[in-house]
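The next part holds the structures, each set out as structure tokens.
In the two complexes below, chain A is the common chain; its partner is chain B in one and chain C in the other.
Up next, the complex of A and B:
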């Protein structure tokens, strides 16, 4: 075990972890409030990445404006999807899986058709590297971590400190009771989908320049996001943060010191975790009951 | 003769004849390949529906198919067993895995069970990926022998393969039919609809759930073994969670209210549709997505409930009423059960 690698491994873990947090937090909000496993969440992330390509790379829109644009565009699309596709079948498990999966296929296929299936490269908005503690940090990744922290902070404020957040938590806890208090369940589901997809869009813009942008990006993203929310606790926001960071560090340490076996061990661990703690590590904190 | 009797005595034999004659009607290796795929995926989709009929939703069924496929590949190449012993053995191995994993997993609620099957399927797939010395790893498992000739049939064209998989499918259909028409069928339905009530009248929930799960895994293993020797090559990429999910869509699109015909019809429809429209890969993604959504919204009972659904629409039109939701066999399935 090479100790001198540790700062670098921690940096990579933090970076991967924060990107998982960004993707998974949107998924967990939607799952917590609408109780639909949004298999199309990865595709919203992919659309965000294409926003980065078209707005930032092609049209030359400033990076921070691109993030806001992507949150808006993908969020509004998500709200539309919720209204038209998810609302009628929200109460039923089986059709919601089918519709979400169908939506994922449809969006991935449409993106491949419209944007072309080839991989696209987004140039880094913040080139350069930083050397400290014997590790190399790329400035871009540090900025991503910072922006991710800002976004998660904003989300934390929204959910715990505002009236809207209280309404969202209410719907997540008990729909009937919430609607008795005059909270619109339909409205909250719509808003949660907007927030969730907006987060996916932001994640896409942030991670697009780091990874490669292509239309079939979503499948891997949703898979990782699912693992994160299982680890952390389904529907729990701190769970998504914990799960995301944990997954980032496990992958970073595991791939450096153990190799591919990490993945097998990870899934075996999650298997045991679900058996004995179906709520995940942080189940039932904040948002939902599973 | 009533319409029901007509269907039973004329329709069914005709359908069976169609299945038997299919490779002669579509006498082209590519079409025959599609027919073989339809039968293979039908077996998996039937297994999925059997598990769904006890109220559990698996998204890792391809994992058990992978166990069957690799078990059979190992038995024939490393141990030197003939394919005709390897196939039942592989099915039994998959069934044993199914019984043990079922005993572990089936006590979870629907949502957790879904995630457990996902994890199990990934553990299986990743074990294959990271064990290249035995299982071929990411590069795949090459040179799996073709089945030996049997009853004078050499496996050198698609015909014997088709009849073999059709035979497996027929066995599975027979088993499921007998189960569905016996006490088991009713018990399964009661478990899916109201587990506490079923338990209160003396149904041993776990026993029946494990039974259904094991039967489904047995046939998934047999289909996997067939698949291995049909392709003569295996890759862990054939058994991803997405593959399981698509196979399960076959069953749902066909109609989960139709225990046997639904998955087969759904598999046939969804395998043939992109070919009929000569869709590219991109376009078939869009097509599948659109079909999934449209079927759930407009024919929620699945394709086979279309005649009933048309009846519902006509009645609504006649009364100038709002078009109702129609037949929704899934409304009894709640994630909490």
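Up next, the complex of A and C:
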């Protein structure tokens, strides 16, 4: 084991982990409040990445404006999807799974038709590297981490310090009790979908210039996001942060020191974790009611 | 009333029969002969398939404009029938059934990739339909109607190392990486054979899962071995550009070599022209800077269809239509047994190279296309430049 690599491995883990946090946080909000596993979350992430391509790369819109546009556009689309597709079947677990999966295929196929199937690349808005503490940091990744921290901070403030956040938490904890307190469950589900999809859009627009953009990138994103929320705890925001960072560090250390066997060990770890903590590290156990 | 209806029916049937008869080839008119394209036209691999199909249509149009082909005393105009397999085996099976049973096609370019080729092979072999796939895994003496129409990843990966050994003496330590797919594995092993055959040391050989975009952990592990060259073998253009960008960000200053030349625009935007400077790639010619014939061909293609991401693909289907139809005329028949044997023994002089089917030692049957030369290109100032033409031993 080459210990001289450890600073770089930590840097890699942090950068990968924050990417996962960004993608998974929106999924966990939607799941926590609507109780729907939004399998199309990766496709909302993909649409955010296409915003980076079309607004920033092609139209020359300033990058920060592009981020806001992506959050808004994808968030509003998510609210529309909740109102039309998810709300009528929200109480039915299996139909909601089928609808969410169908939506994922629909969005990916439509994107391939509209934008073309080929891979697209986005010029880095923050090129260059920074050498510090024995590791090399990509400037654009550092900026993504900073923006992600700002977004997560804003989300934490919204959920824990505002009236809207209390209402959202109320619906997540007990819909009937929240409803009796005059909170609109439909409204909160709609808002949570807007926030969740907006976060997916933010993840896409931030990570688009770092990676590549194509209509099918949602599949891997949802896979990683599901691992993160299972690790961290279903429906738990702190759990999404912990799970994302944990996955990033496991992958970084594992792939550097162990190579391809990392995925095997990762899933072995997840199996053991679920056996002893079925709700993940910071979540609670979910039981499907028939 | 009934008599009136019966009369009307007779008149209608007569009109329909007369119309149908008038639609057939009349005296002196040409027949139509259909050739099939089977491959991705939608989905993530569409950018590979579309230029191949376009090239086939361009060749068919040129041949038709020149009067078509004459086989057994009859003149035939060519028609390309394209079927989309979406790059998935079940799509390939559905598409090949349509081509064979509905369109009665006997010769098909495609499919791309071993998964699709192996899926359609039982149907095509049983129906004596020749396929010209991109897959060396499907070749064998028990499959006489199956050809591979691109040199194997193993063969492609080997070609650049003798040149590197001779012209870049600083290259001693090689790091290989590839997607964890059959193609990736073949390419990595080919590169290993190529590098070790020249006495170079392979200091790292790593696989990564398709779809991953963050190569930092893998590169950290590889760069710790101080390679002089990184060869991501068969990695597609998008992830390849990410590997280049991320490796440069991690301080790697050495050479990149690949046996699959990525598109310029993907490299410039994805990796950055500065990061991509000096990459060496094996593949086809840089058409705009090639021979007058290559330039004219490519100019005609892009005027008709626009610029393609996979430049090497534009001549694949084009060449196949000319080569196959030449054999039809030579044997004066469309009979698959005659045509397949004649093709396997033929040579075809194209604008990229002279081709034949080889691979008898490896597969027990000569069904893998071989060119007599390959091209090495270098990325310079945001563009591919011709570097060397490497003659291949036949």
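By our rule, the second predicted complex is superposed on the first by the 283 of 290 C-alpha atoms of A that agree within 3 Å, B and C clash if a C-alpha of one lies under 4 Å from a C-alpha of the other, contacts with A are read in each partner's own complex, and residues count from 1 in each chain.
Just so we're on the same page, a residue touches a chain if its C-beta (ideal position, glycine included) is under 8 Å from a C-beta of that chain, and two chains touch if they have at least 3 such contacts.
Being a predicted model, the structure only gives us computed values, none of them experimental.
Once the two complexes are laid over each other on the shared chain, residue contacts for A:99 go to chain B alone; chain C is not touched.
When the two structures are aligned on the shared chain, A:230 is found in touch with chain B, with no touch to chain C. Once the two complexes are laid over each other on the shared chain, residue contacts for A:89 go to chain B alone; chain C is not touched. When the two structures are aligned on the shared chain, A:5 is found in touch with chain C, with no touch to chain B. When the two complexes are overlaid on their common chain A, residue A:219 makes contact with chain B and with chain C alike.
Look at A:127: by the touch rule set out above, it reaches chain C but stays clear of chain B.
Within chain A, the residues touched by chain B in the first complex and by chain C in the second are 112-113, 117, 219, 259-260, 263.
Those residues of chain A whose C-beta lies close enough to touch chain B in the complex are 35, 39, 85, 88-89, 92-95, 97-99, 101-110, 112-113, 117, 219, 223, 226, 230, 234, 259-261, 263-264, 267-268, 270-271, 274-275, 278, 290. Within the complex formed with chain A, the residues of chain B that make contact are 52, 57, 104-105, 108-112, 115-116, 118-120, 122-123, 126-127, 129-130, 241-242, 245, 249, 252-253, 256, 282-293, 295-297, 300, 328, 330-331, 333-335. Those residues of chain C lying in contact with chain A across their complex are 42-47, 180, 206-207, 209, 211-214, 216-218, 220-221, 224, 236-239, 241-242, 245-246, 249-251, 266, 269-270, 272, 309.
Touching chain C in their complex are the following residues of chain A: 2, 4-5, 8-9, 12, 15-16, 19, 57, 112-113, 117-119, 121-124, 127, 129, 131, 136, 138, 210-212, 214-217, 219-220, 251-257, 259-260, 263.
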